[in-house]
Amino acid sequence: MSDAPDETVRAIEATLFASEDAMSVDALAGHLGGLEPAIVRAGLTELAAHYEKRGIRLVERGKRWHFETAPDMAHLLRKEREQVRRLSRAATEVLAIIAYHEPVSRAEIESIRGVQTAKGTLDVLMEAGWIKMAGRREVPGWPIIYATTPEFLEHFGLASRKDLPGMDELKAAGLLDPVDDALDTAMPGEEEEVEAETSEENDANLAATGTEDENISAESAA
Amino acid sequence: MSEDAMLDTALPLPDVDESWVGIAAGEQEEDKSLYLELDGWEGPLDLLLDLARRQKVDLRQISILALVDQYLTYIERAEALRLELAADYLVMAAWLAYLKSALLLPRDEQEDPSPEELALRLQLRLQRLGAMREAAARLMARDRIGRDIFRRGAPEGLRIDRKIKWRSDAFSLIQAYGQVKARNEPRIYQVSDRIIMTLDSALDRVSAMLGVTLDWMDLRDFLPKHAEPSLRKSALASSFVAALELARLGRAEIEQEETYGAMRIRRIAQ
Amino acid sequence: MSDAPDETVRAIEATLFASEDAMSVDALAGHLGGLEPAIVRAGLTELAAHYEKRGIRLVERGKRWHFETAPDMAHLLRKEREQVRRLSRAATEVLAIIAYHEPVSRAEIESIRGVQTAKGTLDVLMEAGWIKMAGRREVPGWPIIYATTPEFLEHFGLASRKDLPGMDELKAAGLLDPVDDALDTAMPGEEEEVEAETSEENDANLAATGTEDENISAESAA
């Protein structure tokens, strides 16, 4: 039998349980009548430990906390609920590129994928609430740049972007650096002058005008 | 789930359309399945990546020459089967053919960029696309909210009812009453009679004075001297409009050398 | 620290947590792959005991089980936040007229003000607790008449209505000076009076933002 938790812990527990959305430490502190954030944080830690081995868990996703079912219960719960959005292959790729490179412009996404991005792809991801516009890149044309949202982290069960699968390896292997940068390190002693020009020409060749075969399936869109 | 060794993983990844993962797998039916999937490629780079995967080596060690051959063979066969190929596949084919010849032929002059650099660039791009494709698959395979993990089914919800507390004070109250009273008090309006110079009289006056000389005259000279200020203002406005009217009729010309400078007017000799 | 619960208990916990409806023992047993109802019942008892002193409870209502917030934490679910707002110009005028002329009907208020009075204005004053209905005038149509309340005197620091300055005093204080009024009518607020008052009514219901500017809310309501 567990000891009875103190009132603050009980209040945090009740609030997060009742809340429809995940809550930040500050939001919790505010809701609980202006508690010290440090106290809230301590309460959250205690709660998270308490729920660790139970059927539900308290987790932090993008600095916001919520209760969810334990992952090993998926087999019990999955059967009746198929509400998760099915994304086209193009959309999943674009989402991954944004997540691993954010913030990133559409042109940058396209230079990695080698095809143009259909209009609907970014829309679908924004509608799902997983990406958002995050300002503009300060280069000619002021392209809009995109980044992921806290809902993205929430949905995929990531505490932060650092938890993205393989993030460290990709970084270490330089696979998140632009091709031009990688080329510089791979071919030392090359003259830099022609570089930019070449890459443009090259990208134009490779990217060409590939039309994207978008089948945005909205099976889940209830 | 384990998240290491992602770069080397060659297994089919879950939650990805079978249609494209399956292609690389079926060896004996290679031709058929490959060509049937023509619409499935997302452009030449996508096709190249899949061909590169068939070399079953790390993308860092693929043979670009072999890859070029595979691509060109693929395109040739597709053409032999009279399959419609999008232009970008053909552009890529031409570019790869050039790359291949550049890589094979002895070079007299150092070309810029070198064929080796172009090949490396292609390889780097394939590595990056490959990495993102696998990252996407692993991302999609995670325990996801609404599929594997669930939030509370029927949360009570937190409601914040805002209650308005109205505030005012005695002064505002009394002032408001005073204004209501003042607003509805019967009021007498007086419009004072002012001396003005009408446009017609200004026109007569300016035309008459212009008739005296052919020299430039300052507009202010047309104004009645010693008039009271309100009449002077009216006269200035009317004389200005009169001058414009005369200019429009071609009977006078106007010049002003600088902004806010003196405005001068003279008669045009008929 | 609590002991780790067994798998059945965890499964019941996760299932009830994720369920949108309360579930009967039989429904739970069926969902969990045909467990013995007795085992489910035992699990529910264990869970209910575990949650007894926490911020949430497992409760049975009409033979169906669900989680809910602990009764003593209910105040966290519905919080009242008091928002102080300054009375609009129109409402202040109406209140002043009622104070000077009470009891007074709406038609009489309008004839004194010279403008129509939106229904919302009187509602706001009643909500504030400063005026009340004081019967009906014995004329055709039996209009409702309004009068001020003791709270009105209290809020405005008046011992009685006799403390309100008379017309002579208003004049002496320059408060009947038409110049002020001319200035005020030149402001856009006055012309949009009816609209502004309507929005007041909306605001009272929706309690949107903390703005004190009637015009802003009138615009956003349009």
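All chains are identified by letter, namely A, B and C, in their written order; residue positions are counted from 1 within each chain.
Definition applied: contacts are C-beta pairs under 8 Å (C-beta built on N, C-alpha and C of every residue); 3 or more make two chains touch, one makes a residue touch a chain.
Please read these numbers as outputs of a predicted model, since none were measured by experiment.
The interface with the greater number of C-beta contacts, when A-B is set against B-C, is A-B.
Of all chains, the one whose CA centroid is most distant from that of chain C is B.
We define each chain's centre as the mean of its Cα atoms; on that basis chain A and chain C are separated by 38 Å. Centroid to centroid, with C-alpha atoms defining each point, chain A and chain B lie 25 Å apart. Chain C has its Cα centroid 43 Å from the Cα centroid of chain B. For chain C, the set of residues that touch two or more other chains comprises 14, 17-18, 67, 69, 76-77, 79. Multi-chain contact residues of chain B (touching two or more other chains) are listed as 150-152, 156-158.
On the side of chain B, the complex with chain A involves touching residues 1, 3-7, 16-17, 20, 39-46, 86-88, 91-92, 95, 112-113, 116-118, 120-122, 124-125, 127-129, 131-140, 142-152, 155-158.
Against chain C, the residues of chain A that register as touching in their complex are 1-2, 4-5, 9-15, 17-18, 31-32, 49-50, 53-56, 67, 69-70, 73, 76-77, 80-81. Partner chain C is touched in their complex by these residues of chain B: 150-154, 156-170, 172-185, 187. Residue ranges on chain C touching chain B, taken from their complex, read 14, 17-21, 66-69, 76-87, 89, 92-93, 95-97, 99-100, 112-114, 124, 127-128, 130, 155-158, 164-165, 167, 170, 173, 175-178, 180-181, 184-185, 203-204, 207.
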